[in-house]
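Heads up: the structure comes next, in structure tokens.
Which chain is which? They are A, B, C and D, in the order written, and residues in each are numbered from 1.
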């Protein structure tokens, strides 16, 4: 039995035990023994989860969504609508709220809780209107001097004919352009799926946090496997190759902190997940808030300026440049 | 016979003579006598034209349009397309060009030369995309430090369902908002019809010039007559009441200079009309260019801030306020 | 505070919207409603939720905390700059009929305790049209707000620019937009409340430049008039065209708020935009 | 100047687009064209006007005055940051096959005499994909342009972000957009030339933020790939979808310029945006 098969078998066993446990609890039976077994197995399964396991956790239907965090972390939430140009995109939330009593602008991808809502919100895949609504709120934050909190959870920008017609690429580029130049503090949290440009469009900030079992990738593992091996079924290998887990991205310098989740995923204890996210948001926002705006913009520029890894071609490397950006900087 | 009837009779006579003159010229006959008669009659008819006569001149099918001025006044014209959001509006021209050798941004309403082109360009009535394209070019001028020249000639913003859906009012308001805050010099010329908000959207500048037989009105005379007297046929009275001629608007402080036209209208000698407009544009642009941007923005603010006439209500006028804006300022 | 503000006259509104007597007929659901009940319900039909139009003073009473309003520039009056036919008479009649000086009420006050500069357009006065005085008073409201570090709340209800002041009315679009620019540069919040109806030049100027756009349910909001559009496209307009709900779908309005919640919502928005801290 | 720049190798382009021998078959009109004639015609089909793809060096030769190009950062190379399957091999092969170091050529030169900073993406090199090196070189091009007060011209031809560098490639969108912001703040012109094909992450970053967007006729320009969209909407895409002409109608492109006029048009645009005065 391979590692992956072994892992899969244990995951199935865990699922079965969890179901059994739920039934026993419902019937009022004594569950102490079973609970201990479940906990032990859960720890075994999740101590070193495979990247594909994390992908599944990030996409888990019960995983807390924007709305779950809004109600637990923020108070006084008022959703604002519309891009003032064409429409209002239900796949993007944008509004005003309080974080620890202080007003902030909150923007995030809006997935649904059931099929009907998912259809309405396009599974959190924005159209250009969504990004333009977000950018409008970013500019409002800038005008009023309010911090921005962005919660990222999207499979991708919506791939549709009308999205292309109305400038999906322009909307994403413009939103990033707005964020990198914003005077306001910007703290981003990848809470679920960080799907490429569709995520980055609202995911550029002074600090980027990432939930423990969230993913962030330039392409979905399935798409990667289809391109690389012409076989979407090799998605597990692709998930490993893409380095899309929070720990990977922390090591690559793309995210600043990994926010811990309950073992096995935030859906097992949304309150605890939200509390951890809340603590991290508060702490990071406090830190970036302390900087003067010009300094903050400069630091944000440098942060993204440093991202990426490259080296000097050996043939030319005899005399390394004294430009600090010329070589690998991580 | 009333004044108006008398005037109409003389206009008809002038038209007939002009036609006769053209035929005689074509047949090679001696036209000296007839030319003198035509010239005398033309002077009589146009020495003190009625407002309605001016309305007709402003709407004359042969009146020079944006394209006629572009070719005569500017060089090196490059039209740019699109609002980068939704579409490209053929009712608005926007581009780069040279005025007296210096680069400028040129924006203007784009009417057609024949029915087919008029349909395509919606008779110069913009959709929101047109105003958003214009505003994009205004921001480009601001970035590059280029002056803006805006040529106004539109019956109105296009009154359509889709225009409303895509925020016609927002597009107009936003374009004005962009213009009042622009660091670049902005010189506007009303060359034909200045149709209310549809004209003002690109018609706010450091200087506003107006061709002698152009009109500028908050409502078309026909619409005014329909509202006021429930009789669109009383458009001539309405044209008088609305004070929509260049001379009226100069006296009201809305325009800064009246640009002379050939007797009877620019269409009688487009070259001469363009030369006069060119001279005025050059002169005014030179003047506003000399100011530092902050000063220019302040002056532009004050210019519009002063527009309008009002007084203190007699009951309260015993102690006039010392605020200079409290009373009529013209 | 002026007398007419403390004791607003409702006659004109009532004349238009409600038949005389104890009972009023709702223009939307055609049901008869007891007039006192309609008043108690903020002129919202208890049967169908139709939001009757409010006069400027009614709107002010709805929005601003009692006893906190200080009016600005009540003494500005039009001087009929074009000598426009019938304008002087109609203007005088509007003053007499409404007991108010012009189509806008401006001043400062508190909204659920939040100090704010307020401009309320009055549809009863020549259709809430914007001429020199309305433009001037609105612009001054924004300028004073900058001086006093106050947020601005406008409530629009207007047929557009005032025809009788010709192109001078049109210039009020530029004037008010320029004043909004000053508030924007000062980083102060602007909530634009769009009431029934907001059309033409008012929509195409300050009213569409709010940081947040709040509309009343069912309010007519648009640029071009329905009749002009019908003549242009030569077909019937779609159901619900130019309503607040239509504009929400088109991305032009942030929130639709029932009248009973308007004051609390505006106050909350002002707080959330950082306005609560300012002491007025 | 590097050797491969003076004597560009066309093989790879020719291998893909043109059958071996003296005659080439046009992929659009299927007619046979004499290869030398096609070369003389800037690889535009003389029968139907189809614009064959150009390699990076061909594009540079088309755009930049002979003998004026000074390359920047030719020595930057990917270091396979994820240890991604097959990447190291494919990268090495791309270097060998094209004789070029990466998927972008950056430097300064003159365009019809106008000094400019130039970045040309090379579709021959791993589909012009943007990884750490492309992002870094593009960002440096904008930064150096600010230092030297030069305008920037980019020519994009790219399948998007480079999958094999994972989310580091995605971060190049933010990096390049931030660098465009610096150029913007410096008031310097940016002409973005969109060549066939420009898709994905390159379109969604610097390429869509030009002051002026120039596209080649028929060029494919878009964000999402056609196959992904077809799978999503479950129907055929409209005729001409995501072509330059489609984007012009959608308001996303300023000008469509045939290849023969590209250089003169870009130079003219730079002049008109005030770039001519800068001495390089």
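Just so we're on the same page, a residue touches a chain if its C-beta (ideal position, glycine included) is under 8 Å from a C-beta of that chain, and two chains touch if they have at least 3 such contacts.
Since this is a predicted model, take the numbers as computed values, not measurements.
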Most widely separated chain from chain D, with each centre as the mean of CA atoms: C
Gap in Å, rounded to a whole number, between the CA centres of chain D and chain A: 31
Length of the line joining the C-alpha centres of chain A and chain C, rounded to whole Å: 43
Centre-to-centre distance between chain D and chain C (centres being mean Cα positions), rounded to whole Å: 53
Where chain B touches two or more other chains at once, by residue number: 84-86, 166-167, 170
Junction residues of chain C - those touching two or more other chains: 250-252
Contact graph of the chains (line, ring, star, complete, other): other
Contact pairs between chains, per stated definition: A-B, A-C, A-D, B-C, B-D
Residue numbers on chain D that touch chain A, as the complex places them: 74-79, 81-82, 84-86, 101, 131-133, 135-136, 139-140, 161-163, 165-175, 177-182, 185, 200-201, 203-209, 222-225, 228-229, 232-233, 237-238, 241-242, 246, 250-252
Contact set on chain D toward chain B in their complex: 184, 187, 189, 211-213, 248-255, 265, 268-269, 271-274
In the complex with chain D, residue positions of chain A that touch it: 156-161, 163-170, 172-174, 176-177, 180-181, 194, 196-197, 200-201, 204, 216-219, 223-224, 227-228, 237, 241-244, 249, 252, 254, 300-301, 304-305, 307-313, 315-317, 325-326, 328
Of all residues in chain A, those that touch chain B in their complex: 84-86, 128, 132, 166-167, 170
List of chain B residues in touch with chain D within their complex: 76, 78-88, 96-98, 103, 129, 133, 140, 143-146
